[in-house]
Amino acid sequence: MKKTFPIFAIATLGLLSYALYQALVVAPTEVTMGNVQRIFYYHLPSAWVAFALFFVNFLASIWYLAKRTAGSDALALASAEVGVVFCTIVLLTGPIWARPVWGIWWTWDARLTSTLVLWLIYVAYLMLRRFASGGQTPVLAAALAIFGFVDVPIVYLSIRFFRTQHPQPVIGGGPGSGLDPRMWTAVLWNLAAFAAYGSLLVWTRYRMAMVERQVEEAHAQRALESNEGAEQ
Amino acid sequence: MSILGVTQRTLRKDLRLEWRSKDAINSMLFFALLVVVIFSFAFDPTAEESRHIAGGLIWVAFLFAAVVALNQTWARELRNQVLDAYRVSPAPATALFLAKALGNFLFVVVLEALMAPLFVVFYNLRSVGPVYQLLVVGALGTWALVVNGTFFAAMSIRTRSREIMLPLILFPISIPALLAMVDATTSILTGSASPAFWIRLLAIYDLVFTTVCLSLFETVLNAE
Amino acid sequence: MSSEHISNDNAAGTQPAVALSEVVRHFGRFAAVREVTADFAPGRLYVVLGENGAGKSTLLRMMAGLLQPTRGTIRILGETDIRAVATRMGYMGHAPLLYDELDAMENLRYFAGLYSIHDDRVCAAAIERVGLNPELKRRVGQYSQGMRQRASLARAILHNPELLLLDEPFSNVDVKSAHEMARLLGAMRDEGKTVFVVTHQAAVMEPVADESIVMHTGRLIAREQGIPQSLLSPYARPSEVRR
């Protein structure tokens, strides 16, 4: 069991390098957009990983409210933090791609705006975790996580109606969205690599959170055993 | 113990307390007035486009006023720790939540009723679409802000930076509702489009979050 | 709403009013209550003594269901679900737990409603019982501390609970009021109710106390019949009492 983590870490590293090779060397240059399109191989997987992690956060929060286990709270925290990081990558790579292609940095289209709102919601979640005091943090955070997740479809619905300008789904969209098979390969490799990388980060953060908790527990236990232990 | 009975008694009690102390209402009315005046300076009311941006202006102003009001929600229950007396009683937590949310709703509606005519005067507004639709949007939109606001106020009183925490968690969650209120109001004022989609969206939002609030409130109230 | 069935139907007095089993409560790294295990028989008046920070209030709040224990179980009137016995229990905190802007009658009327009591005579009786005048229209915010604590006691007993948990009921109360309240608590014990009083003023409770419980740094260190002479002085150090 102890070796699982380093093995997984090394495998992730290998996967990331191979996916990088796929994205930069194997995949052909896109005809109209040129090399800048290659950022897509990071943009899209980051988005999917971020969304998946927010879903994990939602499940872990529900699990926490039902069972009150330390592990589920640690997982909720880890997935929200790493999810926000990936969501930030999406929001940063988007404009870098959009500027040369659409001629603008930002546009208020459905996908961009939804992602931004999602980012705001989960940053608020992390803020609450930071400012809530003591033992009630996990409960308050779990409640907010449920609000945040329930909000996502409504956000998407509202902004979709608001306006849409995003390139029509590059994958599985209508005609003209055809993707070169080699691009497909690069997308899938990067998706796998980012999923592995995301899981690795969450796992690390989860372990850190659990260790922090064990330290707290140990302090509390020592206070219990000592006779003078009323240390604040 | 019926939920509605306790809700009604708690609401009546809160209104009586507010009437006697007038803590919040006086300062809030003045605050609302200030917001309208400052907005009128900041966004030239004589401009022809004012009608097109009025929806946004009005709702942002309402939002600010509502946040200040919402932050007062639990202040009175914390003084003398009266909340403990409620918590040891057999009365359901949801009744307390409903009473507080309804109280805030009334309170914010009063503020809006004061601010709206001022906006109409300063911005020389005239609605092209039917006015009753504005009332529907107003009611649904206010409930959308107030129901989550009441809940988040109960969360933020347990954090270190109480007052600032409320908007930090309320605003992101409220974005779709705000979008709906603003767009619906603008389309009614200008008569350019049907607000039907937005009204439906607001109704769904209200329904969904009222349910979430009611089902999670007891958990949050007893988190210690 | 009959609170007369003090479980003396079959198990006459054998079932404890309060049973604590290895109860622990942390606040972060601070252990406020540490592994307290004890049974308390019904129909007695217990005085909980101890220095500041000994864990008395925390223990009482856990018994009232206001705080969850970190570990261990608490059984109140035979139930582990404290909400289920909420109607049979009364709690008074060291803050008054009343609205300053309402008079005593209005306050009690509201709280009675929470217990499904819609009868002004019940409220008036509770107010008279603590020695106040139900007709008094003065707002609680303008009461003296002694009157406010009495009104608070009236709130705690208005639904005639069989278990009363009182946290510092005599803080800042004049001597006369304190003695009257103590006498009232003794009378309630004589009616068969179980009463817990957390206090620093052991001497006030001395005439009516059945048993004293001494806490020190989160532990229950002693239980004595009555209140021992050594604990009566306001300068007594409860931690020096040993079993």
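Order of writing sets the labels: A, B and C. Residues in every chain begin at 1.
We adopt the following convention: contacts are C-beta pairs under 8 Å (C-beta built on N, C-alpha and C of every residue); 3 or more make two chains touch, one makes a residue touch a chain.
Computed from a prediction, not measured in an experiment: that's the story for all the values here.
The touch graph of these protein chains is complete, with an edge between every pair of chains. Set against one another, B-C and A-C show the most C-beta pairs in contact at B-C. When chain centres are set by their Cα atoms, the one at the greatest distance from chain B is C. Averaging C-alpha coordinates per chain places the centre of chain A 32 Å away from that of chain B. The centroid of the Cα atoms in chain B and the matching centroid in chain C are 39 Å apart.
One simple way to say how far apart two chains are is to compare their mean CA positions; for chain A and chain C this gives 50 Å.
Counting only residues that touch two or more partner chains, chain B has 224. Residue positions 135 of chain A are each in touch with at least two other chains. Those residues of chain A that touch chain C in the complex are listed here as 134-135, 216, 219-220, 223-224, 227-232. Against chain A, in their complex, chain C makes its touches with residues 24, 26-31, 34-35, 53, 70, 217-218. Residues 1, 5-6, 9-10, 13, 16-17, 20-21, 76, 79-82, 84-91, 222, 224 of chain B are the ones touching chain C in the complex. Interface residues of chain A facing chain B in the complex, by the touch rule stated above, are 65, 117, 120-121, 123-125, 127-128, 131-133, 135-136, 139-140, 143-144, 146-148, 150-151, 154-155, 157-159, 161-162. Per the touch definition, chain B reaches chain A in the complex via residues 148, 151-152, 155, 158-161, 165, 168-169, 171-173, 175-176, 179-180, 183, 197, 201, 204-205, 208-209, 212, 216, 219-220, 223-224.
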